[in-house]
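Same chain, two partners: subunit A is paired with subunit B first, then with subunit C.
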Partner chain A sequence: MEKISLTDEQVVSDLLPKKFGKLGMVWVAILIVFCLVGFFAYCRQLKYGLIVTSMRDYASWGIYISNFVFFVAISLVGSLITAVLRLSGVHWSTPLTRIAEIIAVSAITFASLIIIVDMGRPDRFYNLFLYGRLQSPIIWDVTVIITYFFISILLLYIPLLPDMKILLAGKEKKGIYKLYSFLGSFWKGTHLQFRISKRAINILCIAIVPIAFSIHTVTSWLFATTYRPGWDSTNFGAYFIAGAFLAGAGAVNVAMYVFRKYYKLENYITNDHFDKMGKITVMLGMLYLYFNVNEYLTPYFKMKKPEVAFLNSLFVGQFSVIFWSAIFGGMIIPMIILLFKRGRRPLPMFICGIMIVVGAWFKRFLIVTPTLLQPFLPMHNVPESYKHYFPSWEEWSIALGSLAGALLVITFFARFFPIIPIQETIIEQHEKQNH
Partner chain B sequence: MKSKIINISIWVFLILVAGLSVKGQDAEKSPLIVTLSYFTVNNDYQYLKVNAKSKVEGKFQPAAGVEIQLYLNKDSTGKGVGLIGKVITNEKGNAAANIPPALKQTWDLSPNHTFVAVTDKSKKFDETNTDISIAKAKITVDTTDDKNVTATFTEFKDNKWVPVKGVDIKLGIKRLGGDLLINDDQSYTTDSLGKVKGEFKKIGMPGDEHGNIMLVAKVEDNDQYGNLRVERSEPWGVKFVADNDFFHRALWASRFNSPVWLVVIAYSILIAVWGTLIYLVFLLIKIRTLGKQEEKNQA
Partner chain C sequence: MDTNNTSRKEFLAGLVTTGLVLAGCSSKKSPFEMAASEDVKATGEKVKLLSVDGEVIEVDKAFLKPVPNMPTISNSEERKGIPGKKFVMVIDLSRCKNLRKCQSACNHMHHIHSNLNWLKVYPMDEGEHTAPYWQPTTCMHCDEPPCVKVCPVDATFKREDGIVLIDSDRCVGCRFCMAACPYSIRVFNWEKPDTVSEELAHKPYDCETSMPQKMGTVGKCDFCPDMARKGELPHCVSACPNGTFFFGDLNEDSVTNGAETFRFSDLIKDKAGYRLMDDLGTKPSVYYLPPVARNFPFEKGMEIDKG
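Right, the complex of A and B next:
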């Protein structure tokens, strides 16, 4: 067993997972209630079919698909914080890597689940694998989601191995320690193990970037390969990736604040981290705004007749309030706040993060639904309800339940595993002291 | 005062009478017009088409849902005998009925027949009785190698088939939307031998997979013989070669016909990515094995 200095002991004591306090219990209880209501609503959907939703012939994709795209977007943060920053030689992001990775894992898990929820007959899901066509973007999406899930799990698990040894130190193999033992009792911290682990993490960091880009590009192609107003764009892949980076960064900002506040991690997630993440968020916000301008300004300038109804519904019509709220509330206002140093302090960062994440969710809704309600051919001889879409309570419950589920996974992970890498923090502190 | 009451009473009476009279006019039934047409196809299949219409607000409108009884021949009082069947008109006022095999004996007995269409009295229409008379006739078609078509029109008379002069026959080829004439002549009139001749000039018409096209000789709306149509297959068309991309490799083809470039790219990416992931799992196993070995060494 390696020698742990007093400072190291302090680090270990600060970063070891802690039991939920009263607030934590209330938080978990609320999330569980949301999940249960969502599960009940899904049972109703299974029993009565998709008729319990407000989706009809035209708006055949509703908030389930918006939610799916949102989860996929959020999951990109794993590759941003862990891979892109690590490969760029940035060390300050070390305390944020595990937060980013667990967000990525939980988001991609619920992205997979929500897509099954959108199926009228989930019991036939296996047919996708039996009879799927390689030419279909849906098959590409399923393949890339499975791959991304697997690689995200590896990127979460391999850097966690050294911390397993710390978690198991001197403990009897009972309860949760059985799980720790199963997951990492073989980690002895030998030089060779570290070398192999470092190599594996480097390979993962390189591999996850193109896969993360693929998952977002392929998800965008689910829309862009369909000829409809608003989706018929060659810009969609890059537009989705830019949006995903921003949404993911927003989610990390929120998580950073919550974990720092709740677990009293001020020594590890410092104001400097918020400042740097704030700058990254502004850059990503500008990038996404640039793509938004491309995505909406050029069609607006041309105002092609088949797209007039769609564009008007966004700019001045029934979706205009959501549209402008998402643009200003989810992008422009947070960017302006974060441009100032005072705006990059923890609390403003948390508020901006919330605005970005909520704006990102509604932005996905705006990508999916208005297009479906403004088809090229006018709607004739259909019931009035087919011409509008407002989610039913079952849809809201399932969507909120899935969001609560994703948060629950993150919450339980933080309860049982160190949310900031202990071993890496110790090594970095030693390196600092040596320098 | 008394005369005023009498005056008002007279006016009320007149208005009531006028009202009743108008109501009576409304209740009057519009006349139902039933039209019968006789058809024979390839000289062996006979059927009747019937159309019902009535005048509504000065315009002829199809009479839908009218039940019509169809008979083969009628008795001396004009009443139909030999029930062909009962039909009900569709939304276009049309209905059709085949002459059933049960009436074959009656059909064979005479060279001339009368078809009778009878509708009963209903809430909307009065009863009607319509008939048409036809003489049995047939068309035979012959062709020559130089793509000439000869059609012969004969009538069944005195127990034999007799050529008929002066009947208009159209010669054409059967297409999807109707018949296309074989040349620029609209129709031909039979000579004393009952024959007409036409030259097939529609060269290069798409046929079936063997190049067969269907020649048609027909008589339309003839007062004496009704509608006759004979078809004959000839290999005068261009062979049809199905151009079905569904069985070729394409983005829209079945799953076993993905384009080669897509298969190569997709599987190359899959192998590369999953190969890397499998290698990572292998590294993980290696870390595990090293740990177990270290544990043994320590023990």
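Right, the complex of A and C next:
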């Protein structure tokens, strides 16, 4: 690694959370405005009902559900970077773990919120616990998402404890320090505590892998357990997981670039990190491409009547522009760029990351809605507006508001907690010096 | 089944007795006043009644109190269904000319939102050289209902008499059932139903009448079990002037459209009855008779059709 040796003091002063600058303030203000507009739109929805959306009986799921799938997908990256890489003995990913984990926690939180937004009767949410039926894939989803949320929180929290001690060092217990002390004052940094925390993290890392696979497999089953063309597929679980890892890796690439630029972390998130993440992204892209070919080629070969109507709407019909943009812009072009060493430098990585994430969002929309507009029986005896779907301003505002909310959580986390693990970086520095 | 029927009879007998007793009291003093005053003295005259648990109990005549609104059937009874029945419908496609009297009767009687239809009449035209026909489509009341399988809260359920119903007091509005139903028969109350009067809106929801429809919940054809309880036909069946719909009980092996009654098995055998998308394994309770020897040409229905 190209990392230069740094003193402990320098590491601490580099990595301690810093106050927002002017740019940070503007960023937070924009996000808050988006959230407020989304909140206002949701109040209207509560008052008038889901009629304010453009969803109707045929397109009964719209961008709320695709946004939900997107959030679940993004959140999977926490398990990839933290657990899979840690368990396979990869050390270079240490500075990225906290970024990945806060993305996971924030995304899974907003996934749960957006699913409540989609409900016709959010006031009866408790019915899921009162009358929950184990046969229903929704109950499976609720169960695994709640489990994933708590494991992710713990995987964020436990490695944060040693850093909390550094944050608290010699400070008066006022304001935010009260929170630090509430969260982490019991951490004394004894050998026993380090041993317990290491063990706990290992157990959580092992536990989170099957749970992560479950959340997205079960989410794919919300579609694959029905008869509809485009959903009735045994490929769906693996297809969703591959897509989720790609989307999550894209999100981490973007976050790495932004944090490095804004907090001047060039010594910690190095060009080498971008190079390695780029290679991982290419691998995940190829995996996703493989599942896409499986998903679309075999039904198109058979030309079953309902499937063909659905595939034509994607390939050449009303959704073709979004479809090909998502396939090329969100998967193939970034993959080609990242194949080259020059493409894996920070800026191109950032741009590719944005392309992947935006493409992933639209891809989720293409998975959810076009299928519903291809029912088995003709669309008939309904008002004209029931036969199309284009989201209303309320839906856009709520969807964008939820995305802004997720970014706001990440932003505030980075404001108050070190986004790169300080203690782990110091330990790694010492290990390197000893070698 | 038999014991249930007997207990129902006894119960009714009990009600009648109560009524008679009350009538007897009212000649002297209003029973409502008697019940209202706390210091009722036992008269020593006992009356035999049937309790809710099905036990015969003895109560002093003086303690009898009229119930202003007899509760209709309880939710748990509505979820069980009508004992001993297995409802089926037969739709004779050769008799339909898209008059849609079935649809307007259904909409009217269930106070459905004016944008929605529980019953749809599709112009079916399947292949290049096949003849188009009109297909009225109700809920199939499947024996393997995909909608019931996916419901997370048991808001939609399958009864012993074959009917699939919705409990709108429990539905959370996730719309998974709508995605799961291959027949696309389920509709959603995207806004407050515009055809529900204030009075109806304040009544408690009844699974068997499916009324009042509520904002944010799913609705669908219910096979009119409230009518079946009264021994009457569903609204669509009695509304069709051409006798397209037949309704009946599989256990009795008979179906009727009001004017004509057939043995169900004979009708299906003679006219080659079939079920919609039977290959999906949903086992519908609605059977179709193919549109052969038609009463009306297809074009006749185009006059009414607005898409």
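Observations
Here is the rule we use: the second predicted complex is superposed on the first by the 429 of 435 C-alpha atoms of A that agree within 3 Å, B and C clash if a C-alpha of one lies under 4 Å from a C-alpha of the other, contacts with A are read in each partner's own complex, and residues count from 1 in each chain.
Please note the rule applied: a contact is a pair of C-beta atoms (placed from the backbone, for glycine too) under 8 Å apart; a residue touches a chain by one contact, two chains touch by 3 or more.
Computed from a predicted model, the values in this text were never measured in an experiment.
In the superposed model, A:Gln135 makes contact with both subunit B and subunit C. Of the two partner chains placed around the shared chain by superposition, subunit B is the only one that A:Leu154 touches, whereas subunit C remains out of contact. In the superposition on chain A, contact of A:Arg121 is made with subunit C only, not with subunit B. For subunit A, the partner with contacts to more residues, out of subunit B and subunit C, is C.
Within the superposed three-chain model, A:Ile336 lies out of touch with both subunit B and subunit C [touch as defined at top].
In the superposed pair of complexes, A:Leu179 makes contact with neither subunit B nor subunit C. In the superposition on chain A, A:Leu192 contacts subunit B only, with no contact to subunit C. In the superposition on chain A, the residues of subunit A contacting both subunit B and subunit C are 131-133, 135.
Within the complex formed with subunit B, the residues of subunit A that make contact are 131-135, 140, 143, 147, 150-151, 154, 158, 161, 185-188, 190, 192-193, 196-197, 199-200, 203-204, 207, 211.
Interface of subunit A with subunit C (complex): residues 48-51, 53, 55-58, 60-61, 118-121, 124-125, 127-128, 130-133, 135-139, 142, 222-223, 225-228, 372, 375-378, 380-384, 386. Those residues of subunit B that touch subunit A in the complex are listed here as 251-255, 258-259, 262-263, 266, 270, 273-274, 276-277, 279-281, 283-284, 286-288, 290-292, 294-295.
Against subunit A, in their complex, subunit C makes its touches with residues 103, 115-117, 120-124, 137, 146, 149-155, 170-176, 178-180, 182-184, 186-192, 215-218, 277, 280, 307.
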